Amino acid sequence: MTTQPIGQGMAPDFLLEIENLTVSFDGFKAVNDLSLYVDKNEIRVIIGPNGAGKTTVLDLICGRTKATSGSIRFKGQELTRLSENKIVLAGVGRKFQTPSIYDDLTVFENLEISYPRGRTVFGALTFRRDAQVIERIEEIAEMIFLSDRLHERGEFLSHGQKQWLEIGMLLIQDPELLMLDEPVAGMSVTERVKTAELLNRIIKDRSVLVIEHDMKFVEDIAHRVTVLHQGKVLSEGSMERVQNDPKVIEVYLGH
Amino acid sequence: MSTDPTNPHRPDLLRRRLLMGMAAAPFMGLAARSAFAQAPATAAVNTTGLAVTDTEVTVGILHSVTGTMAISETGSVQAEKLAIEQINAMGGVLGRKIKIIQEDGASDWPNFAEKAKKLLVNDKCASVFGCWTSASRKAVLPVFEQYNGMLYYPTFYEGLEQSKNVIYTGQEATQQIIAGLDWVNKTKGAKTFYLLGSDYIWPRTSNKIARKHIEGHLAGGKVVGEEYFPLGHTQFNSVINKIKLVKPDVIYAIIVGGSNVAFYKQLKAAGIDLSKQTLLTISVTEDEIDGIGGENIAGAFACMKYFQSLDNPNNKAFVEAFHKMWGDKTVIGDVTQAAYLGPWLWKYTVEKAGSFDIDKVAAASPGVEFKGAPEGYVRIHENHHLWSKTRVGKARADGQYDVIYETADLVEPDPFPKGYQ
Amino acid sequence: MFEGYSLGDLASIFVMQGFAGLILFSVFVLMALGLAIIFGQMGVINMAHGEFMILGAYVTWMCSQIFQNYIPALFPIYFFVAMALAFVASGALGMLVEWALIRHLYKRPLDTLLATWGLSLILQQVYRSVFGPREVGVDLPSWMMGSLQLTDTIEVQINGLFVMSLTVVITVVVAFLMFRSGWGRQVRAVVQNRVMAGAVGIDTEKVDRLTFGIGCGIAGVAGSAFTMIGSTGPTAGQLYIVDTFLVVVFGGAQSLLGTILSAFTISQAQSTMEFFLSGSIAKVLTLLGVVGILMLRPQGLFVLKIRR
Amino acid sequence: MSVFSKERYGFLARSEILGLLALAALIVVVVPLSLDIFRLNLVGKYLTYAFVAIGLVLCWGFGGILSLGQGIFFGLGGYCMAMFLKLEASSVENTKIQSTPGIPDFMDWNQLTSLPWFWQPFKSLPLTLIAVVAVPAVFAFVIGTAMFKRRVGGVYFAIITQAVAAILTILIIGQQGFTGGINGITDLRTLLGWDIRTDHAKYVLYFVNAALLMGVLVLGYFVRASKLGRILVAMRDKEDRVRFSGYSVASFKTFVFCLAAALAAVGGAMFTLQVGFMSPSFVGIVPSIEMVIYTAVGGRLSLIGAVYGTLLVNAAKTALSESFPQLWLLGLGGLFIAVVLAFPNGLAGIWGAWIAPWFARLTKSGSHGSAVANGSPAE
C-alpha cells in the first residue's frame, strides 16, 4: 500500500499529490480535473471566489466526499479508497468552516476525545486518563489560550474560542497534514491576531492547507497560494505572483 | 361425526322433546324459582377463602375494553353483565348476590395474566368470566391452574386444550367445522375447497382439521388452495384473482378482525357473487357483519352454534332482554351468546355442588344443563366443553343470518380429535 | 399451478392481477402522499397519520348515515360530499395539532415521533368513546359496487377504478400545488432554508400550518376512499402506518416523484408475490426487500445525488 | 485535574453512588416489605422493562440512536429463555398424551415429529444463558453494521427498526409450529427442576432480577464514565467531528446498539422467568414504542431515571386500568405529549431543576455537583 508509482516525473517527496481529481454532483463538476501538490512543511493557502470548489477539495481529501475520478496520494498512500477515520489515522487533520466542537462536553473532554489513543471501541472502554494524557491536554490548552476554561462546557465558549478549541483538537492529533477551512472567519481583530500567532506556532513541522478569504492573513502565513476557479486551478505560486496574475485579476475584479 | 350417544338414532324425537322441555320451563319462568330461601351458611359453602360473604359473592369479568380486541370483546362483557343481572334479579347464587369486579385485559396477553392473577389472588373471585383470543386464554391458563380459579371462556376456538379450571362455553374446532363441511358437501355437492385464514393459531388449526376432514371423509373432497394473511392485512385482490383462476366449489374463510371487512368488500367489488359462489366461514358473527356491511356478505354461509335470528322462546326472551339493557341496535353473535351461558352454567354448577369451592364446582360441572340457553339447550361434557348443536346460517343483507340447517343432535365436544391432528 | 388452464384464462387473470397491482399502487400513493408532504417536506414524523385517515373514514360514515336517513335522494353522490368534508375535518384537526403540538418541535424531529404517537393513542380512544369500539360499516351507493365486465373473463372493480381515478386527481392537484402555486414555492423555500424564507417575507408559521393541514387533509381523503376497501374502526389506522412510512422512506423522503415510484415498485412486488406465494410470506418478503434495499441505499431509491 | 478526583470513587460520582444506594434501598428493601407477593411480582415484571429503558438511555439518550425495535431484543432474550423452560416442561413424561412425546405441545399440534435443529441448543442451560445475550446481540450487530456503515441514522433508523419488528412479529406468528405462534410459549414450569411458579420462587426471582438490574446500572455508569461514553455524546452532537478525529463512528454506534440489545434481552429473559411465558406481542411495534416512553419519562439522559420512569409509567398503567380503563390510553397519550413538550428531560430533569436544589438547600450540603441528575447535560 505504501509504495505507489509516482506519476509524471514529479519529485517523490511531495506529502500530498492530487492528480486529475474530478467530482460531479449530477453532472455539475464542483472539482474538475484538478491537480495539486503540497510539499512537506509547506503552508499552502487556497483562495478563490465562492463556489470555486475550495471546501470540496478539502472534503475530498479527508474522505467526506468521494471522488468521481482521479487520485489523492498522501505519503504515497491512496486516500480516495479509505474511510474518513482511516484517513485521519494516516495523518490528515481537518478543521471545519464553522467551529465543530462538542457543545455538551467540557474543553478538557473535547481535547481528550481527540487524543490519539483508544480509538477502537475496546480502547475507548478501557482508556485511562493518566498523567501523560492530562499533561498533554494542559499543554495544548495553554497553547490555544484556554487553560483557565478547561472544565467549562463547549457551548459556553465564544466563537473565537471555539475555533481555537477545534484547532487544539487537531493539534493533539499531531497530524502531518493540517487542513483549515477559514480559521479566522468571524473573529474579532484581537482574536484574529492571536489566531495568526497560534497558527504560526503550530504549523511548524507539518504541512498546512488553508482556505482563507482574508488577504492580509493569507499574506502573513502563506508559503504558496493556489487560486481555484470553477473547480480548476487558475493560478499558483507566491502571493505576489498570484496577485499580479491577469487571470486572477479578471476573475476577482472582472465582470 | 360424534353425536349425543344418549340418543343416537332418534334425533327428531330428541329435538321435539327438548323444545317441549324448554317451552315448559321458559327462560323468564326461571325467575319464579324460589331462590330466596334461606342461604346456606358461608362457612359451609366456602371452605377455601373465596370472596363469599353471607350476602354476596364476588366474580370477575376479564375482557379487553381497550386495544384492538375491544371490538370483539365488548359483546361478551355485555352478555355476562346481562346474565349476572338476571341471576341477581332472581335471587343470586345460593342466596348471595353476585358482585362484579371488571378488569381490562387491554388486548395484551401478559396483561391478561396479570389481571387474572389479581382477580384470583387479591380479589379471591369465585369465578371469572373472560378472555376471548386463544392467546389470552393460554396466558391466563397457568394462572388459573396454579391459583385454582374457575374460568368460563366464551369463544369458539381451536381445541387441543382441556383443564379442570376452565369451562369452554364456545365450540371447539371439530364441533363447529365438521357439521358445516358435511352440510356443504351434501347439499351443494361441494368437492373443491379453497382455505383462507388469518395467520395465527385458530385459523391454522381449524383449517388443518378442515383439510383432514375434506380429504379424508368427504367423497371426492379436495383442497385446492390454502393461504394465510398477517393479522390486519387489508389487500386481498391477488388471492381473489387466484380464486377466480382456480374456481373452487367452496371458499372456506377464517379471516378475523379488520381484515374481514377488507376481504368481503373486495370480494364483492371483484364481482364474486356470493349467491353463486359458495362461501363458508366460521369467523363471521353478526358482530363482524356490522363492520363489513350486510350487503357485502349477503349470501355467505356461516357455521356456528348460535345466530341471533334463532327461533325459539329462550332466544326471543334473551334478545329482548339484551336489547333492553344495551340498546336496540346492538347485535348478538355466537360468542356473545356463549358468554351469556357462562354465569348461568356457573350458577347451576354451584347449586348442584352446594358449594362455591372451586374443586367442588369443577367436579360438579360435567352433566350440568342449562335449559334456558338462547341456543336451545347445552350440557357440560366431562371434558369441560359443551354439548351443543351446530347450525348453518345464510347471511342476509340486513346483517342477520337465516338459519337454514341445524344438526339433529347435540354434537359432542372433542378437543383432542383422533385422526385430525 | 397453471396446468389445465386455457391461455385465454391465464391472460385474463394476468390482466386482472395487473389491475389488482394498480389498485394496491393507488392505495399506497393515497396513504403516502399526505405523509410525503408532512414527513418529506416538513420533516415531521407523524405517527398519527393513520388516525387522520380514520377521521376521514368516520366522517364518510357519518355522511352516509345522514344522507341515508335524511336526504336519501342524494345518496348516490354522497361520497363526493363526504370526501370534501373528510378533507376539511382532517385538515382542520391537522392545523390545530400543528398549532398546539408540532410547531414547538420542528428542531427535534425524533420528538415529533413520540408526541404524535401519543396523539394517535388519544385519537384512538376518542374514536372509541365517540363511535364505539366496533367497526362501522360504510354503505356505498349502488353504482360504486360491483365490477365492469370488460370481456367474458376480464372484469374490473368499479371501486378500484374509483380509487385509481381519485389517486390521479389528488396526485395532479398536489403536484400542481407543489410546483406551480405560490404556496408550493413557499413550502419549498421554507424546506430549503427556513431562516432565509422568513427573511424574505414568507410567513413561515403560516406556511407550516397550512402544509401540515393539507398533508392531514389528504390523509382524510385517503381514509374516506379506504372505506370502500377496508375497515373503519378506532384502531384501523395502525394497520397502515408502517407501510406508509416505508413507502415514503423507500422513495426518498424529499421527493414526491420518488414516493410515487416507490409506491409503484412496492405494490407491484407485493401483489405479484401475493399471487405466487402465500399472503404472509409475500408480506414478509416485501418488507425484507424494502429494508434490504434501504440498507444499501439509505437515502432512498429515487433521490438525486446532492452535495451534503 | 483536581476537579476530577473530587467526589469520585472509581467511575462513580458521589451523587451517583447515593442515587444507586437509594434505588437499591427502594427496590430491595422498601418495595418487598410493603407489597404482597402479587404486587411484588408485578414490580418485578416492570423492572424487567427497566433493562430495556437503561439500554435506550445509552443508545438513544447518549448515542442519539433512536431504536423503535427494542421489543425485538427483549423478545429474543425472552424467547431464548422460554425455549429452555419449555423443553424442560415438555419432558416425555409430561407430554405422554401427545403423538410425539417429548416435544413442546404446540409442535405436536402442528405435526412436528422431532425437535427443530435450532431448538437443540436450548436443552442446555449454559448454552441458553449464552444465547439469551448472544442471539439478540448478534442480530443487533447485523442490523447495526449494515445500517451504520451505510450511515442510516436518525429517523430512517427508527423507521427501519420498526419495519424489522413488524417482520419478526409476522414471522413468529406465522411459524407457529416452531415458535408457538401468536399464543407464544406458555405454561413454563420449572428451571432445572425448581418450580418457578411458587411464591418462594417469585421472591427469589425478584431479588435476582433486582440484583441484575443494579449490576446493569453500574455497568451503564461505567460505560457512561468511560471515554466511550463521552464519544457517544460527542457523536450525538457532531458525528462528523468524531469521524475526523479518527474514530469509526459506525463501530461505536454498533457497539452501543448491541449493548442496548443485550440489556433488553436480559430483561426479556427475566420477564419470561417471572411471568412464566413469552409471546410475540412483545416483539411488535407498540411495546417497542412504549419502552421508549419509559425512557423519555425517566429522562433520556439519566440511567437511574430510566428505572424510575419505567416504574412510574407502569404503576400508573396498572392503577388507571384497574379503575378507569377507558382513561388509560388518554393518560398514556397525554403523558407522551407532556414529556416531549414540557419535560424533555423527564423525571431526571424535574429532579435536577427543582427537587435536588431544594434538597440541597434543605440539607445545606452545598454540593451542587448533584444538581444536574447524573451529571449529564440538559439539551
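Note that the chains are named A, B, C and D in the order they appear, and that numbering of residues resets to 1 at the start of each chain.
Throughout what follows, contacts are C-beta pairs under 8 Å (C-beta built on N, C-alpha and C of every residue); 3 or more make two chains touch, one makes a residue touch a chain.
Source: prediction; values computed, not measured.
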Which of B-C and A-D has more C-beta contact pairs: B-C
Chain whose mean Cα position lies farthest from chain D: A
Between chain D and chain A, distance of the C-alpha-averaged centres to the nearest whole Å: 43
Centroid distance [mean C-alpha coordinates] between chain C and chain B, Å: 37
Distance from chain C to chain A - Cα centre to Cα centre, in angstrom: 48
Chain B and chain D: spacing of chain centres that average the CA atoms, whole Å: 38
Multi-chain contact sites of chain C, meaning residues that touch two or more partners: 125, 128, 238, 280, 283
Where chain B touches two or more other chains, by residue: 65-66, 199, 228, 230
Chain A residues counted as touching two or more neighbouring chains: 64
Contacting residues of chain D [partner chain A, same complex]: 1, 3-4, 223, 226-228, 230-231, 233-234, 236-238, 240-249, 251-252, 255, 377, 379
Interfacial residue positions of chain B with respect to chain C in the complex: 65-68, 70-71, 74, 199, 226-230, 232-235, 237-242, 244-246, 257-262, 265-266, 268-271, 287, 289-296
Interfacial residue positions of chain D with respect to chain C in the complex: 66, 68, 146-147, 150-152, 154-156, 158-160, 162-164, 166-167, 170-171, 174, 285-286, 289, 292-293, 296, 326, 329-330, 332-337, 339-341, 344
Residues of chain C that touch chain D when the two form their complex: 43, 45, 101, 104-105, 108-111, 113-115, 117-122, 124-126, 128-129, 238, 242, 245-246, 249, 280-281, 283-284, 287-288, 290-291, 294-298
Touching residues (chain side chain D, partner chain B) in the complex: 36-38, 41-42, 45, 97, 99, 105-106, 108-111, 170, 173-174, 176, 181-184, 186-188, 197, 275-277, 279, 281-282, 318, 321-322, 325-326, 328-329
